[in-house]
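Dropping a structure here in C-alpha cells format, bear with me for questions.
Order as written gives the chain letters A, B, C and D; numbering starts at 1 within each chain.
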Amino acid sequence: MTTGSRESTPATSAPLTRTDMAQRVAADIPAGAYVNLGIGLPTSIANFLTLDQEVILHTENGMLGMGPEAHGAEIDLDLMNAGKISVTELAGASYFHHSDSFGMMRGGHLDIAVLGAFQVSVNGDLANWHTGVPGSIPAVGGAMDLAVGAKKIFVMMELTTKSGQSKLVESLSYPVTGLRCVTRIYTEVATFDLVPDTGISVTKLFGSATVASLRELTALPIIDATHQTSRQTPTEG
Amino acid sequence: MVSKIVDSIDEAVADIPSGATVMIGGFGRAGQPVELIDGLIRHGARDLTIVNNNAGNGEVGLALLIKGGYVRKMICSFPRQVDSHIFDEAYRAGKIELELVPQGNLAERIRAAGAGIGGFFTPTGYGTLLAEGKESRIIDDRGYVFESPLHAEFALIKAYKADRWGNLVYRKTARNFGPIMATAAVTTIAQVGQIVPLGTLDAEHVVTPGIFVNRVVQTPNEANA
Amino acid sequence: MTTGSRESTPATSAPLTRTDMAQRVAADIPAGAYVNLGIGLPTSIANFLTLDQEVILHTENGMLGMGPEAHGAEIDLDLMNAGKISVTELAGASYFHHSDSFGMMRGGHLDIAVLGAFQVSVNGDLANWHTGVPGSIPAVGGAMDLAVGAKKIFVMMELTTKSGQSKLVESLSYPVTGLRCVTRIYTEVATFDLVPDTGISVTKLFGSATVASLRELTALPIIDATHQTSRQTPTEG
Amino acid sequence: MVSKIVDSIDEAVADIPSGATVMIGGFGRAGQPVELIDGLIRHGARDLTIVNNNAGNGEVGLALLIKGGYVRKMICSFPRQVDSHIFDEAYRAGKIELELVPQGNLAERIRAAGAGIGGFFTPTGYGTLLAEGKESRIIDDRGYVFESPLHAEFALIKAYKADRWGNLVYRKTARNFGPIMATAAVTTIAQVGQIVPLGTLDAEHVVTPGIFVNRVVQTPNEANA
C-alpha cells in the first residue's frame, strides 16, 4: 500500500446518502454470509440484499434466516427482530433461545455484524452503547456481544458529529463497547479498512473528500488505498 | 398421575413472596407472560428483583408492575426504549435500582445457574464500564470478564403449548429467554396458549423438558399465538 | 432419633436378594420424581417402578421419559440408555443434546440418582469410578456429574466386599467420585441414611443383621433409627 | 445459491491434515458417523487427536481408526467397555495417549468452545484425581474446578436429515454430542440419512442451525435411521 501524499480523485461527485451507504454495504456482503444487522441505520441494508446473494440474517432474539419486514396480514406478534420490528421467516430459517443465540455470536460464528457507532478509534475500538452524558439511562442490549463475537465488524456511520467533529478518532472519548473489533467503516464520504498492526486506510472516496481532507479532519495518518479498491472489493455496487 | 396444570393465574403466583427474585421471559412483548404479570400485580408481592431483557414497554405487563411500585430492582440489558417511560420515570425518581448486564452475559448467567456452573469467563464487556470491579483474565491473548450465575426463586414464562408433565414448545422469536429462565428458577411457572394430551408433543420437538417446569396455566388464545 | 445401644429385632428373616433391593428402592421413589438409574445394579430398579408412580427416568445420553428395555421389533439403534442397552420411549418423553443433559444433572434438577459404589464414607463421600488398581484403564463417564448433581444420591450396593470388608467406611481408600453427596444407602442387610452434621443411621434391618453387628462390621457409630422407619418411608414395599 | 452438500464421503474429509484435532459424534454406536470415519481411514491422516465420549466399540468406526494407528491421543470420558479391546490393547501397549474427562465436563468444554466462553468453574470432579493440577475455587461454600474450552479443527457428526443450508435434525438418543461438536469445530462435516429441500425442516424443529455446519454428505439409509 502507498503511504505517500499523492491526492486521489474523488470516486463520485456527491457524498453518499444513507440509502447509498446501505446499498454499498449490501453489495460488499459475500453470498451466503451469516450477518447480523444492528439496530438503526444498519437495518436498512436488508433492503438491498439480493435473493441471489442468499445472505442469511441473524437476529439476536433467536433466529437465523430472517426475512424482510412484515406488513399487514404478515405481521405476527411472536416474530420480531432485535429492534422489535415485525419481520418474516425465510425457507431455511431456524429458531433458538437466547443462550444459544448469544453463544452463536460470542463463539465467532457470524461472518459479519454491521453496527452503528458514536465513535471508532484508529485501532478499531468501538463506542456505540452509551453517550456518557450524566443522567442518561444506560442500555447496552447485545452491542457488546456483537462487538466481540462476529468475525468482521463493519461500522456504518456519518463521519462527523452534528457539530463537525470526526467520529473516527485517535482514541475514544465515549465509553467503549468493544476493543480492537472494527474492521471496516462505511461513511458518507469514504470507506476505511482497519488492519491490526498496519493501520487505517481509505479504500473509497465520495463527494469532495480527498485523502488529504480526511487526514486533516481526523488528524490520523490515513493510508491511501483507493487504487487497490477494485481488487479488494470485487463486488462493489 | 403427574400433573403440573393449575387452574388459574392467581393460584399459579399465589406463593411468590415479597423480596423474591423473579425472572420474567420475553423480549419486548414477544414471549412476555402478561397474564402472569397481571396476576403478580393482583397478588401484591413487593420489593421484587425482576430479571428481564427490558424494563417494560408501554403500559402493559412488566411496565405496570413497575408502575405499581412492586419492583425494587431491575436486572436487564436494555431498559431504555421508545415506550419505556414508566421505567424511565421510576429510575429518574430514584425509585428503582438498575443492574445493567450485556444481553449475552445476562443469557449466559441465567444458563449457568440452570446448568450448575459456578461462574465463567466471557469476552463480552471486557475493558468496558460494565466490567469495572469485576475479575478479569487474559486467556490465549484475549481479555475475559468473570461473570456469576444468576438464580431466581421464580420464573414466569410464556410458551405456546404444554402437556401435563410440563413439556413446552414455543412459537418463533417468543422463545427467547423462556427455555433458560425455566432452568434457573426454583419454581418455574409457564402460561401457555394450549394444553395438549401427554404424548402429543413430539419428543424430538420439545424445547423445555418438563423437569424444568413446576406449574402450567392456560391463558386465552391470542390471535397470533 | 435414638442413639442408645438397645438392640433392634431384624425386620425380615433373610438378607435381601438383589431383586428385593431393587424392589425396595423402587418403592421408596416418590411418584412423579425425576430419577437417573446408574449403570449396573441400579438399572434393574426400573423393572419395579409402577405405572401409577409415573417416575420420569433420565438417561444422561439425552433423554427424559425413558421406557423399559426394548425387545425384538422395538429395538431402535438410535435409542439406547447410558449403559448402551436398547430402551423405549414413553409418552411425554423428550430428547436433548449432551450439554443440555449434563446441565440438567449438574444444575440439580434430578430428584434422585441411584448409583452403585465401591465404597461410601460416613460423611457421604462416594467412590464408584476407579478401583485404583495399577494398570487398570480408567473410565469415568457420567459418574462424577451424577454425584454432584442430583438432589439426592442413593447408593445401592452389597455391604461387604467379597473378602468381607465393609464398603461403608470411615474414609475412602478408593479414588473419590464426589464428596459429601450420598444421602441413603441400600444394602442387602440394612438401609442407611446419611444426614450432614448428624451422622449415619440405620433405618431398616434384614436377615440376621443387628445395629450392633453393623457397628462392629463398619466400626462406625451408627445411630439406630429402625423404629422411625414407618414414619420416614411411608411407601415402603 | 448456498449449498453445503458435497458428493462423497471422500471429498468431505479430503482436507483433514495429519495432527488435527477431530471431534467425532456418537455415544456408543448411536450417532457415530461410521461412514465418515471409514473415509478418514481411507484418507490416511495420522497423529490425530480424537474427541469422543468413548474410545471405540468392537471392530467398527472409531475402533478401526485406532486399530489403524491413526490416533495419537483420545480425549474421552469412558474408554473402557465390554467391546473396547482395540483401544485397550493400544493403550496398554503405550501406543495411544488418554485424556480422561468426566462426561459432563467434556460436554461443557465442547459447548464452551462453541459459545466463546474462555473457561468455567464446574463442581464435577472437585476433590477427585481428575481435578489434580487444576485450578479450583470455593464459590458459595461449594468446591469447583476450572475447565477450559475444547476446540477442534474438524467435527464429524451424524444427523438424520439436512437441507442445503446445513440445518440438521437428529433422531432420538443419536443426537448426543452432535449439536455441541458442530459448534466447537472450525469445519463441521455432517453425514445424514436424508437431504431434504430447503424449507422442509420446520424452523421450530431445527436442532443445529446451518451456521454451524460446513459440509453435508448423504449416506445410504439405514434400517433404523
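Note that a contact is a pair of C-beta atoms (placed from the backbone, for glycine too) under 8 Å apart; a residue touches a chain by one contact, two chains touch by 3 or more.
Labels paired with UniProt names: A, C = 3-oxoacid CoA-transferase subunit B; B, D = 3-oxoacid CoA-transferase subunit A.
All of these numbers come straight from a predicted model, not from anything done at the bench.
Student: Greatest Cα-centroid separation from chain C: which chain?
Tutor: A
Student: Please tell me the distance, in whole Å, between the geometric centres of chain B and chain C computed from their C-alpha atoms.
Tutor: Distance between chain centres: 35 Å.
Student: Measure off the straight-line distance from the CA centroid of chain A to the CA centroid of chain C, and report it in whole Å.
Tutor: Computed value for the inter-centroid distance: 57 Å.
Student: How many Å are there between the centre of chain C and the centre of chain D, using C-alpha atoms for each centre?
Tutor: Their C-alpha centroids are separated by 31 Å.
Student: Which residue numbers or ranges of chain B touch two or more of the other chains?
Tutor: 108, 111, 115-117, 122-123, 170-172, 203-204
Student: In chain A, what residues contact two or more other chains?
Tutor: Residues 63, 89, 95-96, 99, 102-103, 105-106, 148-149 of chain A each touch two or more of the other chains.
Student: Which chains touch, pair by pair?
Tutor: Touching chain pairs, listed by label, are A-B, A-D, B-C, B-D, C-D.
Student: Spell out the part of chain A that touches chain D in their complex, as residue ranges.
Tutor: Where chain A meets chain D, its residues are 31-32, 34, 52, 54, 56, 58, 63-65, 89, 91-96, 99, 102-110, 148-149.
Student: Give the list of chain B residues in touch with chain A in this complex.
Tutor: On the chain B side, the touching residues are 27-31, 53, 77-81, 87-88, 91-92, 98, 100-105, 107-108, 110-111, 122-130, 143, 170-180, 207, 222-225.
Student: Per the contact definition, I'd like the list of chain B residues that touch chain C in the complex.
Tutor: Its residues touching chain C are 1-2, 111, 113-117, 163-165, 167, 183, 198-199, 201, 203-204, 206, 209-212.
Student: In their complex, what parts of chain D are in touch with chain B?
Tutor: 108, 112, 115-123, 137, 139-140, 142, 144, 148, 169-172, 203-205
Student: Spell out the residues on chain C that touch chain D in their complex, using ranges where they run on.
Tutor: Going through chain C, the ones touching chain D are 59-63, 76-81, 84, 89, 95-99, 101-103, 105-106, 130, 135, 137-145, 148-149, 175-179.
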